[in-house]
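In what follows, subunit A forms one complex with subunit B and a second complex with subunit C.
Right after this comes the complex of A and B.
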């Protein structure tokens, strides 16, 4: 039968360690190195440990948000509610911090909880009501925005982030290593475990590949879709909590700058936008790549308009490159 | 060979047509002669090559070998559009109309009349009215939306659409299967009129009485070859069935043990009904029994299996497991330990497997609770169980970590079966499990089914291959139009009885004929 899917021949001739590496992930890492070399030609401080660590810290906010996005994209869905889920997480955590010592203690969990609620609504809409994720997440984004505007009266909220939030985002438990990077590493390790070692993770891949086959195999696909959206919402909100800690307070539309970069990081890391295929290592590479690109464009003092254009063009070009590569996982 | 009508020069002559799909031979040196002004019926079992022949004729697929002679000149059709241009137009089984467009838009969809580069609506409407009148459906308004028309009217639009392309040869592939008897007779009047206008009509149907009423000539296909062409009415139904069955089948099936009537039924179906596709289905299955579902393709067998497995919403009636009525609302419930059901689905590529995922992930997928604790996969336990399964079913694979899509069709199907056997199901439903796989693997699957039954499983087995039903099943339920028309037990399961009851013609006569042959 002529139903083989993979280019098995070319793969089997490669050495073993390369065979295991996804070509997309390798490309992303190669681009990171190329960007660093290009940047160091521009400014010698580009390769300094301080700069690199600073970039990693900035990347970790995007990294946490992109983790949730990756889980949803692996299902073959999309989460467009990221901007205001991020803002909701930040604002609700800051708001809780204003309610005495109890509020301070519960600020972070409360922010994440609010994000999970938004994600849960997304998940119920997609899994049980069969609303396309593009529509329902766009709608919950608008609702979250409205609720936050009602809460703040349309001005930047006066509440400021709790000590714990600031410590998580800007402190460093291990000298020299920002806490935000440690947080991202922990979330990343948890995600890798979830995706590779648990039945839940396997079900996510299976649903992304063939929801029908997964359903007919006796897996409760709707429950898994719903929970995955809730996790993604929680991670977006957690990203917002970290951002609020970083800036000491929440702000209107602070999440707007994270939707496209989160999707781009996931897809540049080799995760199929159609779902079912991708590794977390790729998302890590994608997040670092996007962060470096943004940084280099701002170091070069490129005007905002030019930055947006280059940023968009790079994403389209890289997606085209990946689109030509044969499917493999 | 029987005599073909010789009174006119053939309009279309297909000679030595061969077509293979991968390793499967769909047509082998097939021949067909079609005359103008006649209705030519094509008969054959499922998979006899009828559909492929039609596709070759109408330019949908290119033949590997052979020539098509139209009006004395050899032609090649590299697309349906080319065939249409030469006057060969096909009305396919599935309705090809776009519901949101008007009747006139649909009729002229591929080649609308234009004026200054814009669609000339007035001309389009005029042509549509003419075509509808010719199809005997002038009551349909050309600007009505197709979605507002009932199914039978849509079929008339479909015919008008074909007529608007000025065909000389009109092919109807199961064009009446969606119609009620009253609508069918209207369509027949139209077809007879078209015949008198000099068109050649090719008519493909499983309904014997339609063919008897309509056809002038008949051609029987079997295993991709033309078996006989004869004038309609010169052969009895039973002779036709003989021609359709043909070849003897080899002894590839395991022996059937004597039935154990004492065993209590494990699965019982009471009055199962789903929309208009399943009507009042009643049957029981005992442990150790292989029960077949027979009948023509698409008579509700698939729906029945899906309904049992909890996939279909809105079923009425009762499913009884071990004497206890149960409600099965999802595959998760049907496959749970208490019920213990498994479904080997129809299409392994879209329903059975996640092709890009590894053999390991696919094999373990239906039984993840058996290889994990608290949701965390135990790799060692998984390896052990999977190795066992790979050995048990002799799955040929270069390891557990390669994509399952890289395996051959037969081995893919083994993976689908193995993934369910890991759950040790008590009731196994199979939906045409041997379609498109090689003979050797088929044989292994037959042996496996019998072995599982001997170990106490109850098996419900739908197959489009009559040989399989005869060779594997202790009982066969023949479905027609969503209802069980007949139950064949033991020696009653013969090709004559199966085909006769599948076509819903006189079963007694067919049985008599079978006895006379034996």
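Right after this comes the complex of A and C.
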């Protein structure tokens, strides 16, 4: 471990903002820059503002979903119910939009509400029934899928997204800046505030580090775990609502493509999968990294098979670079 | 007498799974229009054996306190590979089967190497390797198709002496050849010990790393058995993302039903096999009661939710509240 000493020396000579940066977050941002350079070599339009804004817009859907995932991972748990929570949010919001003006107005809140209900079941299971989160969230995912299959009859629903949903996902309030990016920025700001400035947020970190210690310090850990899962469910469903607005309708299995990227984005951003450690900035970096990677692969016209392989390899390699558990002995 | 008590305590989960399966199967066959015939049993066992192989694979990893979210994808990959390789004459077919099983072993070894020697969390590592395996499967079979040596396929999915389903016999043989030696070997005990308490196992000089690695490798092998059998049933290979995911999910459900502790160190492959059969039978109950197949996913989901919630009853026995937070 001789390099820690020399590493400490270099670190102390660096400016303050660099010294405080998490190496994982720095690596993730370095990879983003490398990807941008690589992409610009491939196609000259890669660095144009329009293209980058378009990428940010696509990233914001994943960003909203990954935010919820990050909160849960900070607890030391995982939420595998993302696929059908996303689909449920999208389908229920579109379904509500078909029920007259009242339904149109309530479409977005209703979609988020359904997601929060799924999250609440997860939360009760994990916090009060002490079921491993991996299991209960798989089970609620299956139940949500079952409910949606019964509701839609196994086909993609015919209801289309409401105007407000489309506006949120595709419109732009400030000229040039897509609304979806603003939504993500707002949610991100809220999350940073929640995590760093509130007791609730600090308790999330505390529980992720050691739930027993947090409980003995007087934190009602079970309530906080339950609420966090509900928030995560709501955020997944909100991601689904945005996606439905983007595609102007909901689809079966529309959420399948978001589970792995969401986990990957959070973990690549330096959040420990064991909980208790991680910053929102890292998640932002992870989300942008994943989106850029996907985009470059599709610009290169890589078939789906190749994309999946590269995806898996990149995640494993990056985690081997900085996500390894300490040697136990 | 007291030895029996220990044996019973050890096998409680397995016996419970056997009980659930028997009750479900009796309800199933007694309401089946054809009744308890060799044909019904053959179909049921063929469907059950597929999941049983994947559940066995999952069990080996879960025993080490890990989880393998890529089993479904190894299953798909070996299915797609078998639809290319397991064709032609006896020699070619044999070589094909060996190649398919080898690929399964390789997949398992990759998982094991990344988790154990790379020190990554099993959840994330196997989700990522699962994506790779699915990508390779898709590369092999962009569209469903292919073929298989139908003589071998029919022999292994048919009936022996007109009564006993051949797939059940294969499953039994797999248990005898793989599980029994493994669980009695030093490495098998090491896998259990590592799942129960890795620190204690390390302090006792148990070869944890090799034990865990062997568990992952054998899991890959068992998943490839499942993939081979899927090819024998369907005669084709198909890289369907949803089906791979479903098998991973169902394998976890079967493991839980089979009394294997997800915290590691407790349970057996036999329990998981009965768990798999029970889960399959529960899913098929809807058909014999003539309900709309649309309700099947919901029904299976609710059963799964209830099954995993059963574990919560252990909370009532906790005397110290701190034990909630493990």
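Following the convention adopted for this analysis, the second predicted complex is superposed on the first by the 308 of 329 C-alpha atoms of A that agree within 3 Å, B and C clash if a C-alpha of one lies under 4 Å from a C-alpha of the other, contacts with A are read in each partner's own complex, and residues count from 1 in each chain.
Note that in this section a residue touches a chain if its C-beta (ideal position, glycine included) is under 8 Å from a C-beta of that chain, and two chains touch if they have at least 3 such contacts.
In this text, all values refer to a predicted model and were calculated from it rather than measured experimentally.
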Just to be sure I read the superposition right, which of the two partners does A:219 touch: subunit B = first, subunit C = second, or both, or neither?
first
Looking at the overlay, does A:149 come into contact with subunit B only (first), subunit C only (second), both, or neither?
second
Which partner does A:320 contact after superposing on A: first (subunit B), second (subunit C), both, neither?
second
Now for A:172: first (subunit B), second (subunit C), both, or neither, which partner does it touch?
neither
Is it subunit B or subunit C that touches the larger share of residues in subunit A?
C
Of the two partner chains, subunit B (first) and subunit C (second), which one does A:160 touch, if any: first, second, both, or neither?
neither
Residues of subunit A that lie at the interface with subunit B and also at the interface with subunit C
212, 215-216, 327, 329
Residues on subunit B engaged by subunit A in the complex (per definition of touch):
22-23, 309, 311, 330-332, 334-336, 343, 345, 349-357, 361, 364-366, 368-369, 372, 375-377, 402-403, 405-406, 408-409, 412, 419, 436
Of all residues in subunit A, those that touch subunit C in their complex:
78, 125, 129-132, 134-136, 138-147, 149-150, 153-154, 211-212, 215-216, 221, 253, 256, 260, 263-264, 267, 273-274, 303-313, 315-316, 319-320, 323-329
Subunit A touches which residues of subunit C in the complex?
67, 114, 118-121, 123-125, 127-139, 142, 198-199, 202, 241-242, 245, 249, 252-253, 256, 262-263, 294-302, 304-305, 308-309, 311-312, 315, 322, 324-326
Which residues of subunit A touch subunit B in the complex?
1-6, 8, 197-200, 202-203, 205-206, 209-210, 212-220, 276-277, 327, 329
